[in-house]
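Chain nomenclature is as follows: A, B, C and D, assigned in order of appearance, with residue numbering initiated at 1 for each chain independently.
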Amino acid sequence: MHSKVVTMKDAIAAHVRDGDTLVIEGFTHLICFAAAHEVIRQRRRELTLARLTPDVIYDQMIAAGCARKLIFSWAGNPGAGSLHAFRRAVEARPAELELEEYSHFGMVTRLSAGAARLPFGVMRNYMGTDLPAANPLIRTVNCPFTGETLAAVPALNPDVTIVHAQRADHHGNAQVWGLMGVQKEAAFASKRVIVVVEELVDESVIRADPNRTLIPGLIVDAVVVEPWGCHPSYAQGHYDRDNEFYVAWEEISRDPGRLRAYLDEHVYGVTDRAEYMRRQPALAERLGARPRICAGVSYGY
Amino acid sequence: MHSKVVTMKDAIAAHVRDGDTLVIEGFTHLICFAAAHEVIRQRRRELTLARLTPDVIYDQMIAAGCARKLIFSWAGNPGAGSLHAFRRAVEARPAELELEEYSHFGMVTRLSAGAARLPFGVMRNYMGTDLPAANPLIRTVNCPFTGETLAAVPALNPDVTIVHAQRADHHGNAQVWGLMGVQKEAAFASKRVIVVVEELVDESVIRADPNRTLIPGLIVDAVVVEPWGCHPSYAQGHYDRDNEFYVAWEEISRDPGRLRAYLDEHVYGVTDRAEYMRRQPALAERLGARPRICAGVSYGY
Amino acid sequence: MMAAVAARELRDGEVTFVGIGLPNLACNLARALHAPNLVLIYESGAIGAAPDRLPVSIGDPSLVTGSLMVCPMADVFQLFLQNGRVGVGFLGGAQIDRWGNINTTVVGSYREPKVRLPGAGGAPEIAVHARRVLVISRLSARSFPAEVDFVTSPGQRSHGRSRRELGMPGAGPVKVVTDKAILESDPSTGEMVLTALYPGVAVEDVERGVGWPLRVGAALDTVAGPTGEELRLLREVLDPRGLYLS
Amino acid sequence: MMAAVAARELRDGEVTFVGIGLPNLACNLARALHAPNLVLIYESGAIGAAPDRLPVSIGDPSLVTGSLMVCPMADVFQLFLQNGRVGVGFLGGAQIDRWGNINTTVVGSYREPKVRLPGAGGAPEIAVHARRVLVISRLSARSFPAEVDFVTSPGQRSHGRSRRELGMPGAGPVKVVTDKAILESDPSTGEMVLTALYPGVAVEDVERGVGWPLRVGAALDTVAGPTGEELRLLREVLDPRGLYLS
């Protein structure tokens, strides 16, 4: 099979289009900032951005003018404060960003249903909350056995999903360890899938430990090799989360001028992630992981 | 926390009761024959046996008179022929075994719903088949968004589930590699859970590679250490499947007298799995796995 | 020969849902010949398996060792099959009828069967969701009745309703490979019609093996006999002990 | 002190759904003192975490390394929370009302908010499914209105209907730990009533911090001040940099 390895520039150019519903997933872990920055550089517009936790990554895309709508469940800067570009857009009159809002369980259920290509998913949830009043897509369904009323949410099937993994082969068979979030569900739910990795490995590395494979190559459209592609998020076994940057974002994003300057310097001002890292030589030293390697298991018979 | 490690005899005596719905799961891999043999020795009666593939393990329990009802999706002897004790019971007039029958996807969906404590699960399935006519518990539900009609099956919540794993600590935190079947779903769906392992390990072994944990100790009631507990099924990395025995079962089970003699010798005639293995010294040599150990990954940060 | 004929139906790179026995042989033969990039999926959870021995069951350990991915069965059915990722599935059964409906449940009535068969397994969902289904079965009047006793897996028409009316995503059984001939579903009616004969087989031989008035397709081909390479691979490499070719 | 008081509420061996900040401190304090076998579950998928540094987020890598299990988020919500395996959950919010309803969505109206807050996260499902919920929040009239602007997470009564009427499995917010006092839900009405004061705090101080006519429980306790060991652990071991205790 031919290799799917391309540059981030080519992957975004080929697979992310204006008006798309885009998911860049990863719960705290493996959030692919490198992909978001390339989307910003290529000036994609009118995107519907979906993600459980919009996080700093979508705050940057909102600030850069990429987003028309946000589908989400928690829009804060974890442990540090607010996402101010998001807040400015939502608190503006009229609002500059359309919102479609669930809880985490609701978003997980939407993506799980999408991944299974079912039109809806079911939960025991949302009794007593005002969320269904705020979002008419939170509905109910009755159990055909017990008659109980349960919460129902519609499947979410993004146009394109970008997930970051520790390693993949050149067909996109991707392995992840540490927190797995909803990456698998988002990828299977999506029409197109880009896998970004810390390390490109031979197929034999994947085949040596098949239980670690989270995303099979047969659903992957492009593979991008981008070490440090998650910074300021992290990749277990490779580098730590840059908590200092998350704290700093509170001040940067509060001031539209500083936010613009940040984007100019670190997004528009570099051509790719390699240059982003070259410009910040202290990052690798400060955040590089100390190895802590587990024992292997036997697949023999 | 106190240890949950007990003998198989004590685990079955404490947790499997006459009339229970019992699941011993494992798809080809990790089918715990040692547990079934102890259930037979303790002469449990009126059990509802649920499993995707009843396999030789339930054929033995049916022959031994443990079962009142079978919930299943494929009742054959894979690659070898029929389950003749099962067939005799079903083809008898009147039938000696009640059947409740789905497809694999239906059983998976029942256990997934049970594990999530939802009353039903949804599939796009069963159009055009006679299964809903044979089983009134296969129903339909309408999507509250698209109006589509989908198949619905009720949750399955067993009284007790027994799963086999390669290793666990003494709280029952269990790790599995190779085929995982529906073990996790069955365990979470169940009121009581027995975990049987090839190897009891220190908690630190589990904590060194947390992504391999399939069943958390907090849902486990008893841990049984039973090397070779799956024979003639297999445990990846420990021993191969005994295909010769599966082929031999075709002849053994076809003849009620031979089947009885088999149970007398290998089930009633031994006190536990250790004795079963001592009586068949050639098994370990013939089926022991050659090691094929994968590399570990780094959990550092 | 059935294995060789079925192997020829597989396209390189196709995602194939493999059953045990002849389908497994056919897939591995195709991998060794024209389709080295065939992706083998087993309902047991092995994705991209590369077995180094002939697996006796679909849960054989050799399907795990060296495969690309091993996933829970829920993923196999939800994320691969129902998601529409499976290009071709193989099915067989005790009875196959004029419309490609397959019975693996009972001979006789469901409540009081003459013969109790294993049941559905994963066949109904393969029949519903695989983009197309290949059926493999030896020809005999007993195995090819006009109407099956029990529809376990739906074919092109079930109880008078077409797949389209029933809302099934996949194309269903498009081809039946037997030991004497190939039947294909008529695109307009869904009926299984004779489209190719094995060398030395007459139309009458096939007619005797099916329980309905068999229609013959507009173009009646002759299936090429197995090549030396096909036979060598099957007999010497893939099934040297004659497990499935006996 | 709030962390110490919350820690005392946890029982050894309990399965605890942990949020970041004070709940995390409280859980780790309890683990160091009377509850060494507390099982910490984070919505990120870390089960039985044993962090060797103070995690700044609920997805911190230190929650993964050395944990008992790491699972997909779907499992956290379906198999742990909805399955009823979580004994106690922690919640906080910008507004908490008389019935323990919590608002983390908006101040003002939903369509035209004065302040847009982060939103629901996993809080509604914790409020519905955890066997009981502990709320932690500093006392102020702005934070404790008679009625929240938006019910993100349901308390004991929401829009006039009780948890039982609404069919919620868990007991909901049974206790609110503040920096001045402890409120508890009245078992018959669900209303949050004053049941214990911190040393040196008067009932009037608490009344001024809530936006409804506060009822005082039958027995009004005094909360024991933090012990030397509690303070030492919090200040020297658990949060030496004063990340949450500043």
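Just so we're on the same page, contacts are C-beta pairs under 8 Å (C-beta built on N, C-alpha and C of every residue); 3 or more make two chains touch, one makes a residue touch a chain.
Everything numeric in this text was worked out from a predicted model, so none of it was measured.
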Outermost chain relative to chain D, judged by CA means, is C
When B-D and B-C are ranked by contacting C-beta pairs, first comes B-C
Taking each chain's centre as the mean of its CA atoms, chain A sits from chain B at a distance in Å of 37
Chain A to chain C, mean C-alpha position gap in Å, rounds to 40
For the pair chain B and chain C, the C-alpha centroid-to-centroid distance in angstrom is 28
Within chain D, the set of residues that touch 2 or more other chains is 46, 61, 64-65, 70-71, 82
Among chain B residues, those touching two or more other chains are 117-118, 123-124, 148, 177-178, 180, 184, 208, 211, 234, 236, 240-241, 292, 299-301
Pairwise, the chains that touch are A-B, A-C, A-D, B-C, B-D
Listed in rising order, the residues of chain C that touch chain A in the complex are 13, 15, 37, 39, 46-48, 50, 61-62, 64-71, 78-79, 82-85
Per the touch rule, the chain B residues reaching chain C in their complex are 27-29, 52-53, 72-76, 78-79, 82, 86-87, 90-91, 93, 95, 101-106, 108-109, 112, 123-131, 133-134, 148-149, 177-182, 184-185, 234, 236, 240-241, 243, 246, 292
Chain C contacts chain B in the complex at 20-21, 43-46, 56-61, 64-65, 70-74, 77, 81-82, 101, 105, 110, 112-116, 118-125, 128-129, 150-155, 158-159, 161, 163, 166-169
Listed in rising order, chain A residues that touch chain B in their complex are 117-120, 122-124, 137, 139-141, 143-146, 148, 150, 152, 154, 166, 177-178, 180, 205, 208-209, 211-212, 234, 236-241, 289-301
Chain A residues touching chain C in their complex are 1, 115-118, 173, 184, 188, 203, 206-208, 210-211, 213, 216-219, 299-301
